[in-house]
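Next, two complexes with chain A in common: one pairs it with chain B, the other with chain C.
The block that comes next holds the complex of A and B.
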């Protein structure tokens, strides 16, 4: 919707109206506001901690060319990889299955509650939607009780630890995968339902009349048409689960199964003060997977959050 | 693959037979032929999963909040009472502790202040930016990508960035303040500024979200409304105020609900900013108080009671929203 006037006689600079110039300046200024904390972090993360002075956190390390900016070094990033390595591995073990499971189950639920229409399904669906808005605090103590005192998951994992690549502490990650799948389901179902409502009924009706079973309709018609939505859902879920701290804090609590957000909380602080280059490198390293996903699939991410 | 329309036509020619078939299925047919049952393999397993983990856990949490569960061991469900709620409202020394426990009013007040200031400013910034981005600008996608970028970050990461920005000696905020002759000011540990600092960082993270929602709302308004207003000779600002903004009510409500719920979840941010369970009284919200009582102090039942209060707050915001969505047939 243009409000660009461009009326004859309006004052201009190099053929652009002043109004347009101010508009772009504001837009660029806002862009700077959103980018500067990240830019400052990035610049600080490549300063060698010994030469870090903190006088110009937003400048790249250009010593000895520009005094006071510190020397270029990859030491903070090396330290971040050391400090977060185990957490990154655990986060990957957690996020991949949890994302796929919640997406797949969400698509199935939306199919059963949308494409196949029956009376009363809206009531069930409302319970799904309401689940999106539950503050996690309202379920934390029961979840901790459930995973630590009700389900003998730990005992089940002890014999499995003899297998290669399986450790006893992985039981916590499995508990976290199931929990995240359950809590991701509502938003996944909502996204898929919005998509399925837009699909034309013709094909499904024709297939039904042809005697196709519900499972065939899903596999042959709905699933192939869901692929663009799977991209949106997977990106959204990946970001949500990767970024979560609260569930990890209350289900993993501490120890070898800690995920990357847990490790990030305490990194870069010691008796001798705060190591800002290390801390910024760690923050960026922890954010890197979601940042990359966002930069490459930003349009799909926007679709997911706008829904 | 056969053309579905051909199949449909064939079946329609056979109309009577199909209908008789369908009739049998609904009237005398077994319950197994119903669509709800035939599609059950798809919706029932996910439904059981959320039934157990979300709704089962909520009910269990309510029951736990009525016990005296504290410290190690397991909860005793034989004596249920509302003691924890009395403590939450008026404070005092509960039967399960020798120490005095303070009520939750302070955290509740901070929660409301954070929720309202964060949501309102986010919406205002988002609206203005959506209107600016909607002026047929060049590089629209680039601007949008930048504005939404912080949203892809974790609360934990955002907190680390802003902890650095706010730092007294090396933070950019204080460097800028110093350039205009103010400060340096202690921000993160300053009781007067803490909550504002948290709200500001969260606005940085989520105003892009409000912009995306408003932009979608603006794009849904027919061009003719913009043109009609202009033909009337209305100024741009008047046009937006009178004609366009009133049409963004749906966008406002849905963004508001999501943002409020985000602010209820600000726990991750505060935990990361203050490196643990102690943000201090002036930045303590119900979300942090609940987790601290349960996981740091071992007051599980009391934590559950605070969680119930938080749940009721969320419900009060979300239930009317879902109800109106349902009435409009938008679910």
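The block that comes next holds the complex of A and C.
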């Protein structure tokens, strides 16, 4: 019995308490459970389509790899980049502005509904909250009608298409940006409002007495204090919008403006069968940006959630 | 710097269910240029609401507030040229001390960066926080944050300072130090100041004048000694002074006041003051009661009493006395005696209520009908 590493009376194995050993076994098991699908995808994506058999897809590819050369196959990745390139660019054009806009507008709305007090704000706030509960399915037809028949966005966008880097089909992405911003606004407002309720009223009053206008209070006091919450909102919105397929199908429908999720649906599928290595490479490629966002903003996200 | 006038200022809050609550009821005070007025009262008496109306953070239901003779009711806080120190200090947590102090000057004046920097440096020197200028509020102790909050108000050189219980979050020792320092600074700057507190010690020691509020109604405005020695009513008499004044509800019987345990003969002037009343509240401050060893009563103002509890305070002892320890509801009162006197619970002593130190109040309204002998000209002499 050892009293140095465990509590008195606890049974131990090589100086480690059983409690610890079981904990680590569970953690390792859970790690494997979560990582094996990704590992399987990765392994599959570096197998040459010709030699792909579907047996033991989680094992590293064995000989022969690319027939005759003995090298790992990068062909699926090359194919994924070719097939998704346009969609990735379109998704970035869509997601970055939509995320920033919904976060910024959500923060402003929450400031106006929480920190500043005025008559009727509760009513407006209830409308925002109600927005969270409108199902996507309910707005699909109205959305199509709105962007194709009610708002002449396409015609209004034509002159802009003359600018460098701007294409005519970008009007669909603009419509998608506005739609996602509007749909993301309620949840962003809700998140920011919870944060702003915790800020000291006296601090805002001190700023008022210091001569700051409402806009200045937002810009110089509230905005800098919102940074942890922006990390939360940005990660959330980025993932939501990046992974969205329904609105993209509804508004973009088809064509050059298709985003990455739309392209992903069809890649590697043909009448002759499914090209699994290509599909896996494409899936990993499409998921990469959200992974990067989590890796780079994860610590700020944790801070914002804990705040 | 300017005089501040509150003219019949009233604040009525309407609750969600339509109930109207009058938080501040027709309060009128003239605060002179450079004066230090302490607004004191128990929690919920409307003192903070009054301060917030002066600041512009609450609307004024009726009445008028004038600063330097100009009506400011409709002006937003930013345009009133008033600085406020909050109980929570309300520093901007993401800014350094330097930025905290510069903020008001940047937003409310046309000064350029160099002027602002030199003003902040001067004020930091005055407040002895020069070495803290690059730190953030979270790196400061409570006392240091307090100094920064004061510095942020001072640097703007406003027409008036408002302070909302600024010392209540400090420990007792630091509070006493800051009390003195605040008085010194206010004296040096000579800025009209309204200081809100629930602590009667702060009110007594800091204010040029104190205004006592209860239930939204102004009870009395006067110098600390006026309020202490000649209270307008029973509330003021009980609120100012620690330990509190002793009160006995007594019946009037000709020339004497009567209660179950004792009788008290009145002087002719006192009889006149209460003529026509059948009952009255008798008040006397603990330090006015004289205690001596037992051994015969030499006049009618002396009573044989028993010591119930002794609270030593070092410089003086607060002793709780009772006329009769054996009954279920003994009439008790407090007296203060020198800390060096050796008195313990259970001792039999003789208490004297000197006739020139007593106060008499109306039983129902609490209005003072007779106050102790007090000549404000002699005030300095009396307290020595």
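Keep this in mind: the second predicted complex is superposed on the first by the 276 of 307 C-alpha atoms of A that agree within 3 Å, B and C clash if a C-alpha of one lies under 4 Å from a C-alpha of the other, contacts with A are read in each partner's own complex, and residues count from 1 in each chain.
FYI, a contact is a pair of C-beta atoms (placed from the backbone, for glycine too) under 8 Å apart; a residue touches a chain by one contact, two chains touch by 3 or more.
Predicted model, so just to flag it, every value in this text is computed and none were measured.
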item: Comparing the two partners chain B and chain C, which touches a greater set of residues in chain A; value: B
item: Touched partner set for A:205, first chain B, second chain C, both or neither; value: both
item: First (chain B), second (chain C), both or neither touched by A:218; value: first
item: Partner chain in contact with A:166 - chain B first, chain C second, else both or neither; value: neither
item: Chain B versus chain C as contact partner of A:40, first or second or both or neither; value: first
item: Chain B versus chain C as contact partner of A:74, first or second or both or neither; value: neither
item: Shared chain A contacts, counted only where both chain B and chain C touch the same residue; value: 202-203, 205-207, 209-210, 213
item: Touch list for chain A against partner chain C, complex; value: 200, 202-203, 205-213, 216, 220-221, 224-225
item: Contact set on chain B toward chain A in their complex; value: 4-5, 7-8, 11, 18, 34-36, 38-47, 49-58, 60-61, 64, 74-75, 129, 132-137, 141, 143-157, 160-162, 164-165, 167, 169-172, 175, 204, 208-209, 212-213, 216, 218, 221, 223, 226, 230, 236, 239, 257, 261, 264-265, 267-268, 271-272, 275-276, 286-287, 290-291, 294-295, 300, 303-304, 306-308, 310-311, 313-314, 317-319, 322, 326, 331
item: Chain A-facing residues of chain C, complex; value: 55-57, 76-80, 82-84, 86-88, 90-94, 103-104, 107-109, 152, 156
item: Chain A residues touching chain B - in the complex, by the definition given at the top; value: 1-4, 23-24, 26-27, 30-31, 33-38, 40-41, 44, 54-55, 57-58, 105-106, 108-109, 111-113, 116-122, 124-131, 133-143, 145-146, 149, 178-179, 181-183, 185-186, 189, 202-203, 205-207, 209-210, 213-215, 218, 239, 242-246, 249-250, 253, 261, 264-266, 269, 276, 279-280, 282-284, 286-287, 290-291, 293-295, 298-299, 301-302, 305-306
